[in-house]
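Each structure below is given as structure tokens.
After this come two complexes, each holding chain A, first together with chain B and then together with chain C.
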Partner chain A sequence: MGLLRYTIVRLIQAIPVLIGITVITFILANVAPGDPVRLMLQGQEVDQELIDRIERQYGLDRPLHERYVAYMTNLLQGDLGYSIHRDRPVTELIIQRSGPTLMLVLSAYAFALATAIPLGILAATRRNEPADHVSRIVALVGVSTPSFWIGIMLILIFAIQLGVLPSSGLVYPWWGPEHYGYSGYVELLFQTIRHLLLPMIALGTLQMATLMRVERTQMIESLQGEYVKLARAYGVPERTILRKHAFQVAQLPIITIVGLNLSTALGGAVLIEYVFNINGLGRLLLEAIIGLDYQLIMGITVVIGTMFVVGVIITDISYAYVDPRVTYGDRD
Partner chain B sequence: MAIGESQLDSDGPSTDVDAQFGWRYTFGKVMQDTTARWGLYVVAVVLFISAYTLIDSNLSRLTFGAVSDFAAAEALPLFEHPERIPPPGEIESNVPPAFHPDGTLSHPLGTDPDGRDYFTRIVYGAQVSVSVGIVSTLIGFVGGTIIGAVSGYYGGWVDDVLMRIVETVYAIPPLILIIVFIVFVSGGTPDIRYAIVGVGITFIPIFARIIRSEVLSVREMDYIEAARASGVKNRDIILRHVIPNSFAPVLVYATLQIGVTILVVAGLSFLGFGAQPPTPDWGQMLNVSHGYMHSNVWLSIWPGIAILVTIMGFNLFGDGLQDALDPRIND
Partner chain C sequence: MAEPLLRVDNLKTQFFTDAGTVRAVDGISFEVHEGEIVGLVGESGAGKSVASMSLLRLVESPGEIVGGEITYRGETIFGLEEGPDGELRERDDMLSNEEMRDRIRGNEIAVIFQDPMESLNPVFTVGGQLREFIELNRGLGEDEAREESVEMLREVGIPDPAERYHEYPHQFSGGMRQRVLIAMALACEPNLIIADEPTTALDVTVEGQILELVDDLQAKYGTSFIWVTHDMGVVAEICDRVNVMYLGEIIEQAPVDELFHDTKHPYTTALLNSMPRPDRTVEELEPIRGVMPEAINPPSGCRFHPRCPDAREVCKRVHPGNEVVDRADGTPHRAACVKHDVFDVGYDESVPLEEEPQVTAGTPGGEDR
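Presenting the complex of A and B:
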């Protein structure tokens, strides 16, 4: 089976999960105790007529399964509902806020991979030496520290004490330098990185810690492989063995971990966006919750779930692309 | 059936001895590992503090009625009342920690904006974090064990349906699923109880997957075949043979999961979906201190360190337990 067919099969396999996400979200939103309309109005004095009208408008007077079918019909047309508090379509709000979240999550991954891979290799090649012990401590602290607290500490040190980096907000390069009044694209890039640095480290530390340990274990295993012994026997220099033979094989499990960890990263983004005042999906979710904006909360949950599923599919496909041994179409 | 039972029973005692030896051996191995031993010490200290404060606060409640009765505050033997906001003038608010020139030794970690002793609140915070961490993990553990065992043992369509549900729950990032659960189920008034249940349910899929993969191999064992042949009911086979024999890896995972749970609950409380004020809770204290980052730096530091040390303890202990139970991972 070719790569294209494998891709299609993976996409088809994802459909039940995507439908499941909408079902779970829909059930959660509708088993809620109390009248959603009254909750949305939050105790304001309104007459019954208005409540009835809102209920009709949102179809709340119809049975549950009918409402779900209606929700899904709209969803398939890209309509995630309407936010009463913001008086705008949910889809539009989500598209607007997805950029910052994706930028944050992707840069956190870039940071995690750029630090975890060299450190993991270093720890593997210097096993039980000081470098290995340091990497072990870094990994342990990394998985034990709440990301939002790392964010708070980074703000305290770099923004408040040293005053060198901004403590809130992001610069979005797609708005262009004119929007921010910067002199040109160089300054735009510089400012983008400057604003992104602290949230990126705060969100990426956990990923870095997990990836570093996996990289270390994989490299140790890979360095004990027959192909490495053979290469050594042929007198291939150790550096080349490391770079060409051991490294490439060791990267495969990393790809899978990256995909699965996307779940923690997307969840962590909510906390980091809150700490750093970033207007992404996570903050939109928190704002929607304060206003009990049902359709917006449901929409964001469905979109973030979909992002994770798509992310896992992308990593699965790239795994299959990189590893020639993968037999396409194997389930689980 | 009688023969089958007695055969299984005659097997029983010897495996029990093995198991006991196994547990003692495991414990010995954990204690040999320096880092794991320290992890166990930290866990023990945190558990002791939680137990002490739990008894402490409940004793005063039993003796003096409701906690809101602030006369009871004086009954607490070692600490000030963690929730009582002192009247103006009694204790200064925002006192810096003892090492600061303006600090006093009577408030080693300073006081919070309401004038409450910060050290007391940090100590009492252990109770919420640890009990929530353990209870939530237990919910995930029990739920996951049942679902995973049923799914793996029966196979077929039961397995298919249960695993699709598990996969779906897995697909929504835990923190977001928990927040949405809390908001919708509580109708917009979050409370620590909803957080406990929400976190527990969200972690069921992870446990279900681990126990299922164990059960898939246990299912093929001769003793299961023997039990089935002698007419033991499926439910009894699952409860008495399948689950006990697939237990060890899940138990290790549960220890590591407690750390993750405390981390998630801290995040929830930080966002305001966990413990509500005035309950002392590390995550919620960090939420309050977020507004004082410029003036009172120390308010943001101590709760974070408390979370870090606690989770590190559980992680070190869990790692040690894993190494002791699975010699393959040793390097």
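Presenting the complex of A and C:
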């Protein structure tokens, strides 16, 4: 009785992983060099008594395990701590900044899948023909070029040289057209896409390149399958074989790779947000690291870790959904 | 005799590889009549599967049918003619790729493949796959095709067909999957079914059940079969007439009883001696010595001569065609061996060949290049 139970089991299995994430980030944040209190005081000469008082106020004088328990207790209530530098709750900051990052990562994946699948199939059906060679070169360049460099080049070409697309910032459709002074939802949508286009391509290129190669290999293998021969022998048109018989089998590894590459995509988002001046989670993390804003670093790491775990679970579930051979842990 | 259902005349299928041209099927001729089960027998690599795929024009690249004629019910599946510039070209009356796909494959000639584990698509239900082929080849609507699918699953002996219709291939055993493949072939109501080693992957008890099933269904539907196998036991059990293939050629062709009891070709004899037979008690089975050479550079003369116990000097020089050497009740018994009188090439006077080191593979870079 599969899918629901499987989902629940997977979610339960995720709990130790999430606890592990918090333990590791907590320890790393606390053993890292640099004293948060002195940093907060920004080099002002103060007496030890003040420092002790501040440490007491934030609980920094208590032993590590006690602080961890306190942190976890707050975390379970949705409180990720307080950013000393920004004078705002971490939870609030993260919620505010998650939207742009999710929008960026999801659109990058949409772009990668929308281009990689047809191009991969094309390369598979035109094996060792010009189309295949071109796709191989595109994939090689895509895999070996850093995403921030692609971002900078895209800005140079489309924003600076041609001046057709904006070089920084995003338009967030959930703020509504009035916020930006647009005439209506059509313009809002148009502007959203316009702003998203370059960062999406910059972040999605690596995924596109990897997925395209996998799609090609899988399609070639699938097209040589006995079931394809069988379909041909029963007069199934070649187009149906490509779209249905071979395609469906070939998509299984794609799902796995999408899930596993989520970590690279989230990591890439940090750089892309920086290059394109997007106020997302990645940029927030970068700024928190530079400013040694511990509570914020931890909060973001925990959230990104959770996103990754959730992504992997969704991958597993959709895999089980697409491939009937995957059992949900219990047979029949 | 009435016009045969299928006539294959001098069919040649070759594979153009980097190492040279492989003559997988090198000029075979045979016929299949209505309601007959015709065997196509030989060792692995004899060209049986390529021959059967050629009949559907489904030879995969780099393979290509390069010569001969295939006629099915008066329609030309394959045929060449000489163009005005002397080049060979496909005849105008040859069926187009679309016609082959829409009219011949599945609904006139269906195939049962040899690997039941791999032949079904793992991500679709068994019933869905069966239904698709029925819809396509019999022009039935979805609901009718579904009913027909369940009916066919029951017919081939799958218990609880209505429930199992919704199951996936991995939930079926090998024997059950082979039954599904048979159901697919029969459900399309073809006149000819090519069974390409359909029982090779199965264990003997399941093989027995499948053969029995095919026998019953063949009697019921009157479908003709081409039964491709390397197993003489299976041939004896179900075939009416047999074609024995060796290195791309048919070297003996006879009704099943004549083939077994009045064998005319040393290769067939060797094949029969290499398998256990209930009617003959022997101390040890005699394997055929050596292995079959590769079709890329076949031996000169008779292709079997390096492995033949009866080989003489003349066998190295003369390449025998498949000639009528005997007749039983008006049915010709053909064999391609020069020891028979019809050939008259001096076999009797020729010196027997010493046993020579085995020629196991052709040397790349030979005359074929």
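Rule of thumb we're sticking to: the second predicted complex is superposed on the first by the 325 of 332 C-alpha atoms of A that agree within 3 Å, B and C clash if a C-alpha of one lies under 4 Å from a C-alpha of the other, contacts with A are read in each partner's own complex, and residues count from 1 in each chain.
The definition used in the following text is that a contact is a pair of C-beta atoms (placed from the backbone, for glycine too) under 8 Å apart; a residue touches a chain by one contact, two chains touch by 3 or more.
As the structure is a computational prediction, the values presented were derived from the model and not from experiment.
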{"item": "Joint occupancy of chain A by chain B and chain C, clash or fit", "value": "fit"}
{"item": "Partner chain(s) touched by A:106 [first = chain B, second = chain C, both, neither]", "value": "neither"}
{"item": "Dominant contact partner of chain A by residue count, chain C or chain B", "value": "B"}
{"item": "Degrees between the directions from chain A toward chain B and toward chain C, using C-alpha centres, nearest 10", "value": "80"}
{"item": "Touched partner set for A:145, first chain B, second chain C, both or neither", "value": "first"}
{"item": "Which superposed partner A:186 touches (first chain B, second chain C, both, neither)", "value": "neither"}
{"item": "Touching partner for A:232 - first (chain B), second (chain C), both, neither", "value": "second"}
{"item": "Which of chain B and chain C A:8 touches, first, second, both or neither", "value": "neither"}
{"item": "First (chain B), second (chain C), both or neither touched by A:31", "value": "first"}
{"item": "Chain B versus chain C as contact partner of A:95, first or second or both or neither", "value": "neither"}
{"item": "Partner chain(s) touched by A:70 [first = chain B, second = chain C, both, neither]", "value": "neither"}
{"item": "Smallest separation in angstrom, by C-alpha atoms, between chain B and chain C in the superposition", "value": "14"}
{"item": "Intersection of chain A interface sets (partners chain B, chain C)", "value": "none"}
{"item": "Partner chain A, residues of chain C touching it in the complex", "value": "56, 58, 100-102, 104-107, 110-111, 113, 115, 118-125, 132-133, 136-137, 168, 170, 181, 184, 188"}
{"item": "Chain A - residues contacting chain B, complex", "value": "16-18, 20-21, 23-25, 28-29, 31-34, 39, 127, 140-141, 143-149, 152-153, 155-156, 160, 217, 220, 263-264, 266-268, 270-271, 274-275, 285-286, 289, 292, 297, 300-301, 304-305, 308-309"}
{"item": "Complex contact set, residues of chain A against chain C", "value": "225-227, 229-237, 245, 248-249, 252, 322-325"}
{"item": "Chain B - residues contacting chain A, complex", "value": "164-165, 167-177, 179-181, 183-185, 187-188, 259, 263, 266-267, 270-271, 283, 286, 290, 293-294, 297, 300-301, 303-304, 307-308, 311-312, 315-316, 331"}
